[in-house]
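Heads up, there are several structures right after this.
Common to both upcoming complexes is chain A, partnered first by chain B, then by chain C.
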Partner chain A sequence: MNSLDFSIVVQAWPYLWSGLLFSLSLTAAAFLVGMLLGTLFALVQHFELRILSQLVRSYVALMRSIPLILVLFWFFFLVPLVLGHLSGNGRPVPVGATYTAFITFGLFEAAYYSEIIRVGLRAVNKGQFEACQALALSRFDTYRHVVLPQVFRVASPIILSQTIILFQDTSLVYVLSLTDLLGAASKLAQLNGRLVEMYLAVAVVYLIIGCAASQFVASLRKKYAIAGARR
Partner chain B sequence: MFTVLLEKTVDGQRYIDWLVSGLGWTLALAFFGWWIAIAIGVVVGIGRTVQNPFFRALARLYVEIFRNIPVLVQMFLWYFVLPELLPTTMGDWIKQIPPPWGTFFPALWCLGLYTAARIAEQVRAGIEALPRGQDEAAAALGLSGYLTYRHIILPQALRLIVPSLTSEVMGIYKNTSVALTIGLMELTAQARQISDATFQTFAAFGAATLIYLALALIAYQTMMLIDKAVRIPGTAPGREAGGSDFDDVKLESSLPNGMEVVK
Partner chain C sequence: MQQERTVSPADPFPMVVVEHLVKRFGSFNALSDVNLKVAKGEKIVLCGPSGSGKSTLIRCINHIEKHDSGRIVVDGTELTDRICDVNNVRSEVGMVFQSFNLFPHLSVLENCMLAPMKVRGLAESEAHQRSMALLRKVRIHDQANKYPAQLSGGQQQRVAIARALCMQPKIMLFDEPTSALDPEMVKEVLETIVELAQDGMTMVCVTHEMGFAREVADRVVFMDRGSIVEEGDPSTFFRAPNTERAKAFLNQIIH
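Moving on to the complex of A and B:
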């Protein structure tokens, strides 16, 4: 057993920090895109739009059934083809691993968020819809001002837990050789050979962020419960 | 489209043999990992609910550590870091385990322990969902703590959580693909290898996707059958009509408060 020397981690910190920032921005972007698309997907299923809702349902089932790594490989291969097709000249557009990662995570997470929101939509009391009708609110206003705010509020702990998992899952961009927190550590470890210290440090960083975030979600769960609602 | 899978590879097999061998590793990881996870998960889940504060803290520590570190990082810890931290002779012995076992065992161990932490939370939620009267009645009958858990609490709690364990089954077989990062040639890795060798990416990834879909369907149906067989009479069925197929969020949400442990 060699003696451990964590000063190497301190030296490497700026590089690891930039990796962490990449992980965080990927998480944030995937959260935004995923929530937007996910809400849309959930509404499509909620309204039971004929063909569209079948499509969305299959998409969600597919995304939830295959490993994220395989999804990353698929998109890494497909995105240039699709973009080439869209741009009209038919030749694949090289988009690079970074953009692929952003696109993949956004579309992938949309499937998971949409399930959460769909369940939330079904949990809204029927009286809420009837009350909106009685007040002559349009369908748009009903969802915009009455239904969706309640769904987001009730589902916020689950949505945030899913986002913590998303943050952990961003480490899988390692397979695209990107420089997220883990990627940065692994690249440095290959240079300086100190992989024990590097990987342990990364594990500790993830652990601290994960614990802090789940504590936060637990406190939110208490605070955000709608007063009087059965929990 | 899939005819390429029947062509000969450089090593004299057919490409489909690569896929089948990958599927074998994926199944082996998921199957054996699952039993490790159940065994440890139930023990840790019980630990989360006992009176003794020491065991409670220990169980909590386990769950927090294994749940909050990404499974890929844990994979690296078991594969790269553990042999270095052990005494030299033992570390060298581990490093000399011939492939593919040298990558299979760390991956198995990693997936088992990671999934155990998630199962532990489900078990805890199941135990906490039981009415307190169960505990009290057992105490009134003079049952010891061990007998209470063995004969009263666990038989009910485990039956209650079958629907939410479905998502953990789906989780462990999907997470087996992470083992490719340490070099185990499981299904996803084989699909990529075929794609690299033949440039038939659609066929290679498509075949793997279909296999994963089939596995998901089998896992899901099996868990539904188990749930049907062991469900406590009178408790609500885990599913309502008209939902999508792989629907564990809803299954969880039909359970009592605190059980919506999320994917």
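Moving on to the complex of A and C:
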């Protein structure tokens, strides 16, 4: 048994750093797209728009029942075929691994965020809607200024948990031969044989980021807390 | 009909006309054939046992409940299913709820400013000015930057009144405004409503506060099982109600 040698991690840092940046940007993009689409999906179901909400419900059920890794494969192989078909010449149009990852993660996370927001919408007190009606607020203003802000506040811990899971799931991009933080570490570990050091170092990075995210949300919650709210 | 306020139900331009109003919840008749006219400047107290339809009636007047048949005309606009009619009516009708329904994530001031800015299109400075003036009127301007949950129930309800007034409504509806309050806070809210009444606001108030009814009501309307059973001026109604049902009800609330 040779003893642990962390200098290897320091040497590898630039490569790990580029992996980490990829993980973070994929997380950020998937979060934005996912929250935007997810909110839209949740609202469609909340308004019970007949055909549309059926579609959305099926979409959410499908995405939530399939492993992310399978969805990644599908997108990677199917979308080029579909695009090729649509473009008319029948030849597959490659989307590229990076685009595939960004699109898939955004669409996949949208399903999860939409469930969180849908539940949050149902938790808003009926009196809030009635107060908005009584003030003649339009539907748009009701949701924009009264309902959704309350939903986001109440749901923020669950949204955060989902986002941390999302961050960890970015490691699945290895199936598209993309290099995220974990991917970078395992590649180097296999090259230099320092598996324990590399994986320990990466675990610490994940830990730091996870804790920082929790702290960040806790401070946000303090800042925007519905002061003294009981209900 | 010289200068004095007309409170006669025969007013040719009433603020609210309700004719043959029917509202069902499933098979339950919440309102069956209700007729009511509210004149400009008139103050009506609606009372009756729980489940008698009084809340449902005022909730129909600003279309929070959709009526099944009959007509409701508010200040000349008939309430139909058309969104513009509904919004026209709602923006002229202020409503105060039993459970306040303030927006918990907005400060007292922001609660008041939201609708004037979004519905009336007021500039922020104007909305601010108007809100502060009305918060001062209900004597809560020193709490303008607090959040609803930091206030007592009575204070919250006064904010709710100010918020409704910020839309400069032509009529105010009160749905049991003091029922959710601790006893010691009832008075401050009732005083605020009395002051509003003295300013000449048209109002329909569902309440069991009989002292309040005596003081401000031009007319007491007694409902039971979805219909108006009896109406009259408060002194007559409380002293000598005509119907057995009203007698029984009054006996119960005066213990």
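Points worth noting:
Note that the second predicted complex is superposed on the first by the 204 of 231 C-alpha atoms of A that agree within 3 Å, B and C clash if a C-alpha of one lies under 4 Å from a C-alpha of the other, contacts with A are read in each partner's own complex, and residues count from 1 in each chain.
In this text, contacts are C-beta pairs under 8 Å (C-beta built on N, C-alpha and C of every residue); 3 or more make two chains touch, one makes a residue touch a chain.
Nothing here was measured: the structure is a model prediction, and the numbers come from that model.
Of the two partner chains placed by superposition, A:L36 touches none, neither chain B nor chain C. Looking at the shared chain after the overlay, A:V10 reaches neither chain B nor chain C. Look at A:L55: by the touch rule set out above, it reaches neither chain B nor chain C.
One of chain B and chain C touches more residues of chain A, and that partner is B. After overlaying the two complexes on the shared chain, residue contacts for A:A218 are found with neither chain B nor chain C. In the superposition on chain A, A:A28 makes contact with neither chain B nor chain C. Residue contacts after overlaying the shared chain place A:R153 against chain C, while chain B stays out of touching range.
In the superposed pair of complexes, A:L137 makes contact with chain C only, with no contact to chain B. Chain A residues in contact with chain B (one complex) as well as with chain C (other complex) are 231. Across the complex, chain A meets chain B through its residues 1-2, 45, 57, 60-62, 64-70, 73-74, 77, 112, 115-116, 118-119, 123, 158, 161-162, 165, 168-169, 171-172, 174-175, 182, 186, 195-196, 199-200, 202-203, 206-207, 209-211, 214, 231. Listed in rising order, the residues of chain B touching chain A in the complex are 64-65, 67-74, 76-77, 80-81, 84-88, 91, 170, 174-178, 180-181, 188, 191-192, 195, 201, 205, 208-209, 212-213, 215-217, 244-247, 249-250, 253, 257, 260, 262-263. Note for the complex: chain A touches chain C at residues 125, 127-128, 130-131, 133-138, 141, 145-146, 149-150, 153, 224, 226-231. Those residues of chain C that touch chain A in the complex are listed here as 62-64, 87, 90-91, 93-95, 97, 99-106, 114-115, 118-119, 146-147, 149-150, 163-164, 167.
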